[in-house]
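The following blocks contain the structures, represented as structure tokens.
In what follows, chain A forms one complex with chain B and a second complex with chain C.
Right after this comes the complex of A and B.
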């Protein structure tokens, strides 16, 4: 319940206050968001399976986001940024689907 | 308990506090054995994708425990959800904080994506490509501009040439009109009055006078303020007296000539010239010459349409 409230508050604040991030970081924000979604789905799955730990969650969240952004940053530096971004999104998307399937199984046994 | 192995195990967040008290009782050796079994099954290729219900046939010699486990897991899930709703813990606060961050970031990204211009978040390669396209386009347009300016210059110079040619032609036309006697003329010149009491000046004398004037550079000649002397002018003296171009000439005769006054006067006065001829004993007349700064000649010659002569095409230009 509280996490959902947090999500709602974040969305509302983001819409109302219109915060902005530095221009340099803007290309990496979408990738970071996808990584964060992956971490969230993984955390929910772990929670449903009873293996959730807040420490692991926080660490995995931060590391996922940072690694995804770093991969894209390195890709930008060596000239394959767009391709690496696609690769990261594809991998994270596959993970998100796997986690979603596990969540579905845990919730509905189907 | 080696049958405790679950095949859909790839949990993203493996927790140190794993699952049931039963699972925690597994020793390191058992875990090692179970992982070996798993890899063996994988090598043999009899492993099914992931669903737990399917792996019962492979792993479970003790179905009672397994069903118990599944039911336990299901009820545990529900119970956990219920408990989470009722008693939020530290993990939920953390999750809320992280979800808050994700929410802010998502809203920000959506706003950037929708409201911001397309170039702010574009990659360097895309921007370079855009720039390339734009510069190629601008090069093309600059070429077009240069071409059009060249065309405009050409047209302008063409118009200039045409204007020059026209003014040249007009100048030529006035010159020719003055020469042909179809336009009035004015300029420096002389007035020559020939008093001829014995009426002895005939066509020959007058023609001599005109020839002398022309030799001295006369450009326009007029007789008696009425007769314009041109190339086709003819002189005759007969029964009806002195006639020029079919018009009778009254005496005294006045000639108005446009040209250099000094030259004209000298040409008239030189020894044996027209003045001495007229003032000579044979004619006995008098000649009065006065240079003038402005001689106006307004009488015109009516040109006759050529009956036979036609303009011929110009000869081919020699190369």
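Right after this comes the complex of A and C.
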């Protein structure tokens, strides 16, 4: 319940306050969001399987976001930023889909 | 494939299972979770806001660029008009300067005969229209594309066949006109052309086409059309209007010695 409320509060805060992201960080925002979604889905699945620990969630979320952004940053420096961003999105996308399927099975038994 | 299998088989961080197995006490600090959820929500909101925000900006940039292009085009048209009116003025002044004696009449006649040939004035009359284009397989084989030399051969063949004035895609050829490749495009008078290439030539309607086809240029283009399957259509036209070459300027003038 608390995470859901937090999510809603965050969305509202983001819309109301409109914090401006520094120009340097803007290219990494979409990648960070995909990494965050991956961490969210993984956490929800772990929760359904009864293995959820918020410490692991916090650590995995932060490291996921940072590593995804770092990969794209390094890619930008060596000129393959777009390709590495695609790689990150593909890998995280596969994980999101697999986790979503597992969540669906656990919730609806279908 | 092993990589993909691994991603699909272990989509959840293995630490969740490890931590549970270690017996970490479950969740007391629920507020960290709440804060993190807030951060994630804010990330979503900000990203969505920025994307929707930047769309109209991109659109307005595009419109502004289009406006600038159109303004530049209008300006070019105006300058073009000015060139035409100034050339008219030059002609009038020249006629006035020449005076009204017999020598002047001879000079005027020579000017009138030479002007259309050098491309200094707009001309109209019957002629031929030749449309050429890359072959359909040009994307696969660069040899199937029309090259600058092909257009040069075409233009030279038309001159040889007795053409009095030629223009390619509306650019009038004079004896100072360059037909060159620049990057992927062919340029005439340093302005790039877009395909297909329409070559218009004014000349004797009875002989121009036949003489062109019999010339070496005709053979060259027959070969391209048959072996490279390039588009090559030649047709007689009753009335062609060719503009003057705007690149023609007065380069040398002297006082008459008579």
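Convention: the second predicted complex is superposed on the first by the 110 of 110 C-alpha atoms of A that agree within 3 Å, B and C clash if a C-alpha of one lies under 4 Å from a C-alpha of the other, contacts with A are read in each partner's own complex, and residues count from 1 in each chain.
Assume a residue touches a chain if its C-beta (ideal position, glycine included) is under 8 Å from a C-beta of that chain, and two chains touch if they have at least 3 such contacts.
All figures in this text were calculated on a predicted structure; none of them were measured in a lab.
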item: Fit or clash between chain C and chain B when superposed on chain A; value: clash
item: Touched partner set for A:23, first chain B, second chain C, both or neither; value: first
item: Which of chain B and chain C A:33 touches, first, second, both or neither; value: both
item: Which of chain B and chain C A:15 touches, first, second, both or neither; value: both
item: Which superposed partner A:5 touches (first chain B, second chain C, both, neither); value: both
item: Touching partner for A:79 - first (chain B), second (chain C), both, neither; value: first
item: Partner chain(s) touched by A:106 [first = chain B, second = chain C, both, neither]; value: first
item: Partner chain in contact with A:56 - chain B first, chain C second, else both or neither; value: both
item: Contacts of A:94 with chain B and chain C, given as first, second, both or neither; value: second
item: Touch count on chain A, higher of chain B and chain C; value: B
item: Overlapping segment of chain C (options 6-14, 132-140 or 222-230) - the one that collides with chain B in the superposed model; value: 6-14
item: Chain A positions touched by chain B in one structure and by chain C in the second; value: 2-15, 18-19, 21, 26, 29-30, 32-33, 36, 40, 42, 45-46, 49-54, 56-58, 60-61, 95, 98-99, 102
item: Sites on chain C touched by chain A in the complex; value: 4, 7-8, 11-13, 15-17, 19-20, 24, 26-27, 29-47, 49-50
item: Footprint of chain A on chain B - complex, ascending; value: 8, 10-19, 51-52, 73-74, 76-77, 80-81, 84-85, 88, 90-109, 111-112, 120-121, 123-126
item: Residues on chain A engaged by chain C in the complex (per definition of touch); value: 2-15, 18-19, 21, 26, 29-30, 32-33, 36, 40, 42, 45-46, 49-61, 91, 94-95, 98-99, 102
item: Chain B partner contacts - residues on chain A that touch it in the complex; value: 1-15, 18-21, 23, 26-27, 29-30, 32-33, 36-40, 42-43, 45-54, 56-58, 60-61, 76, 79, 81-82, 95, 98-99, 102, 105-107, 109
